[in-house]
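What follows is a set of structures to go through.
Here come two complexes built around chain A, the first alongside chain B, the second alongside chain C.
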Partner chain A sequence: MKRFRFHWLFLAGAALLPMVSPHLSEVLRPIFIMAILGLGLNILTGFTGILNLGVAAFMAVGAYSYAILTCDIYPFQLGFWGATGAAILIGLVAGVLLGLPTIRLRGDYLAIVTLGFGEIVQDSLKNLDVITKGTQGINPLPAPPHPSYFLFLGFLSVVVLINRNLERSRVGRAWISIREDELAASCMGVNVMKMKLTAFALGAAQCSLAGALWASFLGSSGEPGNYDFQISIIALCIVIVGGMGSIGGVLLGALVMVGFNTIVLETFTNFLKAHQLISSTNVFTAPGNWKYMLFGLALILMMRFRPEGLLPSKSVKAELHHDPS
Partner chain B sequence: MTLLDINELTVKFGGLKAVNNVTVSVSPNEIVSLIGPNGAGKTTVFNVCTGIYEPTSGRVCFSGTDVCRPFCWQTALGLALVGVITAKFLALAVNIESLWANAITGNYVYQQPFPWMKALISARETLAGHWVLPASIGFVVGIAGAFAVWQRSRRAPEISARAGIARTFQNIRLFNQMTVLNNVLIGMDTQLRTQLWHAALRLPLFWRERREAEKSAVEILRFVGIDRHLNELAENLSYGDQRRLEIARALAMKPKLLMLDEPAAGMNPNETQGLMGLIRKIRERGVTVLLIEHHMQVVMGISDRIAVLDHGEKIAEGTPKEVCCDPKVIEAYLGKDEGGGMRDE
Partner chain C sequence: MSGGEVLLQQLIIGLSNGMIIALIALGYTMVYGIIELINFAHGDLFMLGCFCALTLVGALGLEHTGSVIVLLAVVPVFCGGMNWLVDRLAYRHLRGQKLAPLVSAIGVSFVFLNFGLFWGGLPMNVFGGGKAAAAPKDFPSLVSNANLLSESNVLFTAKDLMVVAITIPLMIALTLFVKRTRAGKAMRAVAQDRVAAQLMGIPVDRVIGQTFLIGGGLAGVASVIFSLYNNTIYFQMGYRAGMDAFTAAVLGGIGSLPGAVLGGLFIGFVRAISDQYIATRWTNVIVFAILILVLVFRPSGILGARHREKV
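Then we have the complex of A and B:
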């Protein structure tokens, strides 16, 4: 019960934030989107134990679907809600299409296939320039109908709610049992293939939603190169840093990973600039250029001192620390 | 009528015959034990019965039918559907650029209403003559792929589980990081009717079924005697309780046949006694039990019949008394070891 109240507190705080600090709420919007992406991956990697290295592809599918369905250089022009709904459905179908032929692969092999899928989607978007305008990206897109901060916060809340409901139901239980011991789960009558496919479909749908929101945020689909391996890895880092299989953890992970980039590094750079501690001629002095090294260092330290993530789910924590109690 | 009928079963792993021509049948409400020295092929027999291994030859029938997915009209329809979808997908994918250029770009005038019918007609015209080859390739590939997947998943553990065979494992395979209650609820999964949308939106069925399922899970845990550990993680239970939890999880499936793979391994004499009582109680519930065990005290104490395997072959079958005195069995067990061979360590 106590935890439950905390959730409402966070939500209320987030809703009031734009009044307190407009700048911070500006910066938070991409974090909400990355949190949705991380939650999508969390269903696959955190709950079901499927390592997916190609979530950026699903995000690209969502972003381009949204762009094609709203941009006025195409005849569809469905508007925000219609296009977002369609993007979710298209992502779902893309997840099933990728899942069906590959679901029987295990562990590393599946990871390689998803990695390949990411590259294929990116290249297809580049080469289908009749439809996707190649490397230009599709723009301009109409602005969302509501203030995007609240819109994204609303979407994130709904996604969190649905994920939590699923986690504490038959579906989530079956997913976690597959992660724990696939053979035992199937001997108990859990339809492993169906549950994995469900995870794929729902995870892809959420990543696709993140893509659609991202496109509406940018006002452009972005170019295909934006949805590269790096995005997939950042999504994976969000899940791992936050805590695999823990919804609160993923939210925190998104805040830390993306927030570090957009809030901490930016403030630090501005501070250094103001005191003339960095010269524009020497790129090595700009903190922003060190970010991936800092990420790497942070990950190494995490793995050493807190392998279960910042806010671990109870069960994964137990997996990594064998307490005698 | 027999419940489980293992008929001339042979399983080969490469050149190794793990099980050779074994025939065992189990009648309803019996307790049958499968014994034999290590490596005799007992667990392999179990794994075939539960659909983990494919038999090289021979059949395993459960309540009169082979435990595998039958080829029925739904299967044929499913295959055809996959074929058609793949065909359409491929036909569209191959022609996507010209389709888009003719139907969408060709008909759209900036900020004018879009003539959907005209677009549909130009799409048909563009496709005409260009769809036959990709569609037929897609159809064949789709059907062949779907058939291969179906063929390979014909004999899967979940099929035998749904048919009513539950099992435990020699080296305990619990869901260690789930609570005791959730472990049992997984066993109940096949009986639940909650679907994804019920769970996601928490519709009334979800609440009702959760209440009922948790109640009967607690009942089962009480039956095996570990209901006090309800919310502990499975891995934190003692060894004996973990064995009991595995049995509880299997019982939650409401099986007709319960297959126990060395349930007494690693138990102290006290726990072993309790286990024997439990197995008898399970039989009283109308569940048939097939047992692999090394503890001769357990085997001789509760079995109605015993089948003895050695090097993959069945060397004896009968009541405990008959098997006990069978010279072949004594040789298999005592042949190399002088004295004490009948006692498990």
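Then we have the complex of A and C:
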């Protein structure tokens, strides 16, 4: 049976959407950016099986690089394309720099290192306020040269195409073999360290691109606190809920998680506010207060009942439902 | 204060905070030792323990110093029970998988975080009535802050004495339990080789449950001491405390009980020294940098055994 190509459907649907509902398409832009972030993490966690709990740091690297390169208080003042390209390269270098010393660590130790890296980047951005303007963020940034909806969708399409081709390339197959059995992969001649480092570099570059687009979307680098552990976890939820290693799954995951966070929760809050059902003294009535609970339950329940995700990749599903005895 | 006194003062502060970190770290290290799971929710469990303690103080009107004993009796049971329950409901079904338990633990940590937010928002006078749910809560000062070294500039308060007086006997008891009792022996056997232990007739799931119970109980004791020592609690405190404790556990060699205590003290001292001589705002960066450096250069920690990947 030919597999249902959700990612092409998603991109085509998104391209047609502004004709149908201009309002909804406004809200969708963060979803494109988070999908790029999710695809970056998917290279690491989904393809290669490296759990990264600090992708927000790579996003911050991209956002701050873009902001410093475009804002008129700094001497660079590159245009959108130059700054975005530079942000991707800087993200790539950051990925290699973090990956080089840590790539040998066992899975969960590596996860903690990435988490620590995320905290270090966030705190350093906060403390180096001479350069980063601390909690004010760097702004204003020039607006992107094209309508941002199609610009971001275009970036997402290119990223999807690159990822799909990567997955089917020699590199992608090596990644997947590492995820399934690192030892067996190295016995079959896969250079595990090199491939993991490639995954780190390319994943970080994509996350950095997401950060650059995010900064151009906000017109500001945002404050360091925007790139906290919560963003890393949302990215992880996107990959896990959608389906590890499945590109269509990540797009669906971004739609579900971010759509839920920004559209459903917000609409519901506004509805409750309009009917005066939110009381300021009762913490349970504000839907925003349930956010952690819902993310947490999503992770727990997915792990328990559908670890392969909503739109699983074939190999992950086979791996998880295969009985070793 | 002379330079020497400043240093001594920081060492005392580091000792007390380090002991609290060590108690939390013991919970990480025990669980990791037995099922190789980084129990990400452990820091947030500690936070729930603090809220439990505050609720007890308010609901029972505990104002006397002696009521610390009530807190020490109830809060560890609550934390241990929660930890056991989470293992029973979530982690037990994921045994033997690689990333799934860790992701599940991250999920539990978020659920706990939300519990903490709700708990802080409950319409009770205990939480400093009218304060927002997320606002830090004042914990009443049950233990006196009087200096025991009356002749000196250096403060060694009744609180510091309390920390040491509770943690050291507890650590000795834990060591004896693991080394000398039948249940402790079973725990060590499961940690060594789960399948072999099962073949020898050890009820593996029950032993793992006990480990979660004891680890959670230690976090409960830590939360009582922390609340009494620092007098402020808030729902996001678990993340930082958990990261410090995890760093301590890794530093000492994860899976090793004396290692966790040593690591906790080290982190406590590093934090105190960095706060005093570098800058408070760089302290977290320094702690995480130490974590990364230790993992990169000596992943087995100070006291941990070298681990070889088996085929």
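Assume the second predicted complex is superposed on the first by the 306 of 325 C-alpha atoms of A that agree within 3 Å, B and C clash if a C-alpha of one lies under 4 Å from a C-alpha of the other, contacts with A are read in each partner's own complex, and residues count from 1 in each chain.
Please note the rule applied: a contact is a pair of C-beta atoms (placed from the backbone, for glycine too) under 8 Å apart; a residue touches a chain by one contact, two chains touch by 3 or more.
For clarity, every value in this text was computed on a predicted model and none was experimentally measured.
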| item | value |
| --- | --- |
| Combined model on chain A where chain B meets chain C, clash or fit | fit |
| Chain B versus chain C as contact partner of A:Pro75, first or second or both or neither | first |
| Contacts of A:Val130 with chain B and chain C, given as first, second, both or neither | first |
| Which superposed partner A:Pro101 touches (first chain B, second chain C, both, neither) | both |
| Partner chain(s) touched by A:Asn289 [first = chain B, second = chain C, both, neither] | second |
| Touching partner for A:Leu183 - first (chain B), second (chain C), both, neither | both |
| Following superposition on chain A: angle at chain A, chain B versus chain C, Cα, nearest 10° | 80 |
| First, second, both or neither for A:Asn165, with chain B first and chain C second | first |
| Lowest inter-chain C-alpha distance for chain C and chain B in the superposed arrangement, angstrom | 9 |
| Overlap of chain C and chain B interfaces on chain A (superposed complexes) | 101, 183 |
| Complex contact set, residues of chain A against chain B | 72-75, 101, 104, 128, 130-131, 162, 165-166, 169-174, 176-177, 180-181, 183-193, 198, 314-316, 318-319, 325 |
| List of chain C residues in touch with chain A within their complex | 36, 38, 90, 93-94, 97-104, 106-115, 117-118, 120-123, 130, 133, 239, 243, 246, 250, 281-282, 284-285, 288-289, 291-292, 295-296, 299, 309, 311 |
| Of chain B, residues touching chain A in the complex | 50, 52, 96-97, 100-101, 104-105, 107-108, 110-111, 114, 119, 145, 149, 152-153, 156-158, 161-162, 166-167, 169, 173-178, 182, 185-187, 189-190, 192, 194, 196, 198-202, 206, 210, 233, 235-236, 249-250, 253 |
| Chain A residues touching chain C - in the complex, by the definition given at the top | 45, 49, 51, 53, 101-102, 105-109, 111-113, 115-117, 119-120, 123-124, 126-127, 183, 229, 233, 236, 240, 281-284, 289-293, 295-300, 303-304, 307 |
